[in-house]
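Consider the two complexes below, in which subunit A is the common component and subunit B and subunit C are the respective partners.
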Partner chain A sequence: MLNWFTKKNTHSDVKGNLDSYLKRSKDYKQVYYENQKTNQRFCFSFLSSLIDESILEDHALPFLLDKPFEKLEDIKKIVSVADVQISNDPSLIEQKLFNGYVLMTMESDKKNFAFIAAQKEIVRSVTQPEVEFSVIGPKEAFVESLMQNVNLIRKRLPIKELIIEEFTVGSLSKTKVVTLHIDGIADPVNVETIKERIKGVQFDAITDSSYIVQMISDNKNTPFPQLLDTERPDRVTAILAEGKIAVLVDGSPHALIAPTTLVEFFSSFEDYFLNWILSSFFRLIRLFAVAFSILITPVYVATLSYHYELIPKDLMSTLITSRREIPLPPILEALFLELTIELLREAGARLPTKVGQTIGIVGGIVIGTASVEAGLTSNVLLIIVALAALASFTTPVYKMGNAIRLLRFPFLLFAELWGLIGIVFCFCILMTHLIRLTSLNRPFLEPLYPPRLADFKDALVRFPFSQQSQRPQILRSPNPVRFTPPEKKKKTDIDE
Partner chain B sequence: MDMEQQHTVADKLKVSPFLVFFLIHSMQVGIGVLGFQRIIALTAGYDAWISVIFAGLSIHLILWMMYKIAETVNGDMVSIHTYIYGNKVGKLLSLPFVLYFCLIAVTIMNGFIEVIQVWMFQDLSTFWFSVAFLGLAIYIIYGGFRTVTGIAFFGVILPLYLIFTFFFTFPYADFSNLLPIFDHPIKDLLKASKNMSLTYLGWETLLFYYPFIKDPAKSKKWAHGGVMFTTILYTLLTVTTFAYFSEGQLQKNVWATLTMWKIVQMPFVERFEYIGIANWNIVILPNVCIAIWCASRVLKRTINIKQKKGVILVSLVCLVGANLFKSRNQLNALFTLSGLIGFYLNYVYIPLLFVAVMIIKKVKNQ
Partner chain C sequence: MKKIIISFFIAALLLCGCVQKEILDDVNLETGVGYDLVKEKIRGTALVPVYQPDKSVDNKTFTASSKLSRDFLNDVQRQSPDPIVTGSLEVVLFGKELSERGILDLIDSFQRDPSVGAGLYLAVVDGESKKIIQGNYGNRGTAIFISNLIRHNMLTKDVPKTNLQLFLSDFYQIGKTSYLPQLKKKGKNQIMISGISLFKYGKVVDTIPGNKMFFFKLLVDNYSEGTTEVKIGKEIAAIQSVQSKNDFKLSRSPRNEVDITLKINAILNEFSGNKVTKKEVGEIEKKFKKDVERECMQMTERFQKQKIDPIGLGHFVKSKTRNFDIKKWWREDYPKLKVNIKADVTITESGVIE
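Entry: the complex of A and B
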């Protein structure tokens, strides 16, 4: 029977080849039927793991068995499945089969085939955001299904200008990647750049958006992420309206946002749900926390190794008491504690939640106290390192938090080498690196450098929405006006 | 003029006109500001603040000439030279600028290393520190002129807070030190102004990065603003220093600015000059970077060396230079030499170029 395929037409090789492969897989099925009115014989071929058989049984088979039809063309009229395609191109078969279609062939009409859509949708239901949790605001997060994610965005932006373009990347995984942008608001140059980069991705199996982010970023040799990833559909909606571009990858619950700037990585989306004064305060706290967590241990090492004159008398005595019996130089002491914290964090992240928590508590309390009591580290440093670790967790974007944690190690080495000069020197290297970074060819450090005052309205602090009548300049939006601010009322004096 | 077209700068590589403010100002403020007060007081006594203002004002005139020249030629120093002397001679005469900028870079870097060695680390290795510093400079310049400008920008913005630390000297300041005013002959004041030139030096780099300015006509006010900001800053610093030290005391302090930081006291910081000097790293960096960038740019424009190679070549020369002149006396000679060359370059050569360009322009127009 199967030599239907092999005998059939000029493309028989392609199909025969495909068929012999598919037959080796257990989930490949071929079933033959006969129409009861016309005795037409027809065959269904499909991958049972990908299709929902109930669709076939309820919406296709009963009609095909009972109602008369002569040609493949006719079945469109009799089955109650909307997506039925007729084709005579055998090269389509592979793609369609793997996308959850059922291939239907007829003995009498060997040139054509029909594809009947019967995809099985196994989707996780939409859950709360866990990485970017917010107390206020929507509680929906992306899931793994691409269409579900697109749905989450589409229903928030019901406009025809929202363009969703699809690409397939990965020579084996054939992963679907879509880019989303609002036509007329996103800079066409940016849209072109990101499309070119996605098309240029060369890899075999793409399983998550983190793969894509590493392949399409401007600079690969940097610890800093250059594209923001988010699991919040509301955030994606907001950035699309600003004129940025989002990328969704099938199978990944994280959307990518481009282009981005450094300060965005320190803004949590909850900032937009709070009053502007509060959110500005929290943003500044976060920036302070980042600076603190990178610099405080190196400063400790630098001052205690080289510049104790810098510390006032009263503070000095506290430090001396705590370090009196420590046999290690400050740098080893600091490295020991920093590495301990990193170990705890790594162990906590790799273990199941409950075990991880226990490890964190046991590690934090026991190792910390024990190492102070054993005289390996001073308790002042223990406080400093713990605070620095705490501060590093305030970074709202996980990937940026990782980069921040890595940064303190070069700073530590330079502090040991040249004291405060070394710290400033290392800072200069970091600054240069950040100035040189770009995201989709746009400067990563904007609006700090190149300085653009207008973009400061939503950077280190967040101004009220009424002031944000323009889209960020860095995005070069063709339509930079968000809304026309109402004409200012004449200022009235008191009691008028 | 196909050579010129080869060197036109793409728009995306240019910097906004207002950034010229930072380029000029950051290049002017370098190592001299840490101890210029003693030198000018040596000749003009405590009237020297007038010389500071006078020297500052004179720059505006030169700057005006420089813009006139650059606008006429529509290019950098090499274009100016080829405009006046013709292609080959012009390029040949531009080559000494490579050495000049190497000299500037070495002077500034070694000055800073000396400050670190005197004030913080006696045994800081000149070699290793200059290797690291030049390495960083190469990394910056490899990012292109925009990165260099970025460093200049942050080199001005980040250390700006240091201005406030001078308020700590006010309780101990006696402004009657400055009286009587105009106690010294004009000649002494002029001499002090000339001595001041090393501290002000650096604005001549404008003629080298001129083609990299977007809409140069708009940058004029920013360039003048940058110079004016420096002048105001230096004048205030001079007045504060003169009020803080007595004349005799000042002559004993080579690094008067640093000594003033000693008085700063905060609950968590005792010797503030350590922080000040460490921060000065950010101030020094753009100086060295712009100088090396200019040197490598001239190399590229004259003998067609790729700038990537030119930067490394220039940095190697600077490295050798930095390790040759290490003792106090050699350093002093270095300072005097670069001050002298800089002075004649700015106050004699550029006016001459101005006259020459104006004459040639007239002739060509007829």
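Entry: the complex of A and C
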């Protein structure tokens, strides 16, 4: 019923078109009011699902009905909402309506209209991190609201240099994506690269940051993630201070971090809360676990199929007696168990939590022991596969853990084909692939290759904070000095 | 990418036949072998462990006679249900008669087999090796029993270290001859190391008895943890050497005199007398020094007479002499070489109670 409004408008086509569309949706509302003093008639149009009606009722309507006003300009003075915009450009209407503004029009002034901000904020409260849980340290995790997430970072970095730039991607979803960096610390080249990449995203609906990861990664044909994702605002704060760039996507509780390196995927943020000796030890254990988890089953298959000479004589009887009744060759036996473990993991992940637990127990205990008793697999291999699965869970980043899961299978295949030489061959392929990978055009394998001695201070092991006075070299920060270390005092003896 | 995939498939197709699969439970692992000379033919006895479900090991032996040791393996293959593989060979035993005829041809086949490790133990048997191979010694298998027996005696007791690698190295070394431990059957299911067999060109020419092995090890090995007895009057003291070091010195000119200094740190294990005072310790040291010097002296003289050189004096002199003539050395110089032995004994401990 915008007849009296649309009839004489120059842009009547745009509006009529929009109006006819919106009327088909149930949540589109138009309400007419009359001012008590001046009898001025005015109309509110809005999408009720996007706006908070209490804002209208408490902060706009009482004033508009009781206080006299003649022109649209006047309402800015009488309404107690801060964000009121006056415009005469009808092309803005669609965007504003869908961003939770209320469109106000007056019968007397058909050219201009006002937008009153009344967005409804449905925000999940900030909860504990679930994927990257840590026993010590902050317990806040990102939520789905972009502004809430920015708030979590902004309040940790109260400086003007923290630049937050917004982009809109997705032709249908119009998802807001923001990049965060600290001006003067982040390399401007990196900032430009990531902005260009985000601008270049061509897709209709972006619903999560994982979409963005896949679209802005350097190499798409790889199982390895090239951007680190995290749900911890404290981690994002720390990497911003290092000179990296963070990307937040509206509707996604995971921030992206770029550029990143392979070793970063094996460092948990809890490493920074623990003493450097402990965290270095845990990092080494994690790296060992990765190597163990990828290689142990292939080595078992290779040794048993080709290299019986390598088996220590004391282990020989254990291996032979456990394999005595098994009809399958080592490769089929190993594939059978590995696939069982993968099935259990997949079933456990897809089912609701409570059912999932039962599956884990049923699978672990029943299938394992039953297949050993039935003589399908040897109990030595069962232990090996179970340990490998356990070791693969120590990877702190979930996406990297998935990549590790996959790697075992090509290794198994090569072990079956050519024994230990096959494993070495497969390892060479893997290393070649890793060396070629880049993250935001920076080498993914740094500091291992290219070797950067200074960056080893926070790679395989973590040195104490007092020694990390420089930002990582890979980031080429314009301001590489984190702090100037105090001059070393001459040590005084205990009895001086 | 396409190229990689295609080349991978081609490689997989073409190369998977290049390596022979030997799945652990589908082969018979030959862990020990014994060779004897029977009626001018070499009789080999291969030992294959059969692992029982209760983790104990049954020993199965295959016997065949032939002229060459590889031929013997072919004969044995015809008796075995699964292929016999040599990769986990632990010990090789040679019968006395055979070892006096020469064992080099047999060792040659082990040296050429890439799956046989260099740490393989070789030993000479006083008697027939088949009897030892067929014995039953504990439930871990005969081969493991024998190899553990030899190893532990090499590491901590009087037997000098030898294995396939060291045997061949001694053999090919100019101015050195090789030696191997000697086993002897003792009772039905018991064996012991009875001495050291000394080789000359792959043939046993002499044997050092078990009670002299301690002195032999002092001369040829750098570290000995063996025990020996020292008699002082009526009393007997048991001495354990904890550390020993031998050092050779060649006289200036004429270069025909070698000084061997044996530095021994020993502890007093047992003494049949009443009390061990400083005086007694001094006496024991003196007596022990005399014993070592005498025994070692006798041994080197015996080597010179036999024209064998397990200590490697020839090699030592060669490394110090220009224009060394090995033929002349064996013919003239070695028998005339003057060997001086000087033992330097320190008893470091004589027990807790003083």
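To be clear about the criterion, the second predicted complex is superposed on the first by the 487 of 496 C-alpha atoms of A that agree within 3 Å, B and C clash if a C-alpha of one lies under 4 Å from a C-alpha of the other, contacts with A are read in each partner's own complex, and residues count from 1 in each chain.
One rule holds in what follows: contacts are C-beta pairs under 8 Å (C-beta built on N, C-alpha and C of every residue); 3 or more make two chains touch, one makes a residue touch a chain.
This structure is a prediction, so every number in the text was calculated from the model and none was measured.
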Exercise for the section: Give one of first, second, both or neither to describe whether A:320 is in contact with subunit B, with subunit C, with both, or with none. Expected result: second
Exercise for the section: Go through the superposed model and pick first if A:330 touches only subunit B, second if only subunit C, both, or neither. Expected result: second
Exercise for the section: Identify the partner contact of A:418: answer first if only subunit B is touched, second if only subunit C is, both if each is, neither if none is. Expected result: both
Problem - Touching partner for A:311 - first (subunit B), second (subunit C), both, neither - result: both
Problem - subunit B versus subunit C as contact partner of A:348, first or second or both or neither - result: neither
Practice task
Classify the contacts of A:170 with the two partner chains as first (subunit B alone), second (subunit C alone), both, or neither.
Solution key: neither
Problem - Residues of subunit A that lie at the interface with subunit B and also at the interface with subunit C - result: 306, 309, 311, 313, 418-419, 421
Practice task
Would you tell me which residues of subunit A are touching subunit C in their complex?
Solution key: 221, 303-306, 308-309, 311, 313-314, 316-321, 323-324, 326, 329-330, 417-419, 421
Practice task
Mind listing the subunit B positions that touch subunit A in their complex?
Solution key: 15-16, 19, 116, 120-121, 124, 129, 132-133, 136, 139-140, 143, 146-147, 150-151, 153-154, 267-271, 274-275, 277-279, 281-282, 285
Completion exercise
Given the complex, residues on subunit C that touch subunit A span 1, 12, 15-16, 19, 21-25, 27, 29, 31, 49, 51-53, 55, 57, 85, 87-88, 90, 115, 117, 140-141, 144, 147
Exercise for the section: In the complex, go through subunit A and note every residue touching subunit B. Expected result: 306-307, 309-313, 315, 418-421, 423-425, 427-429, 431-432, 435-436, 445, 449-451
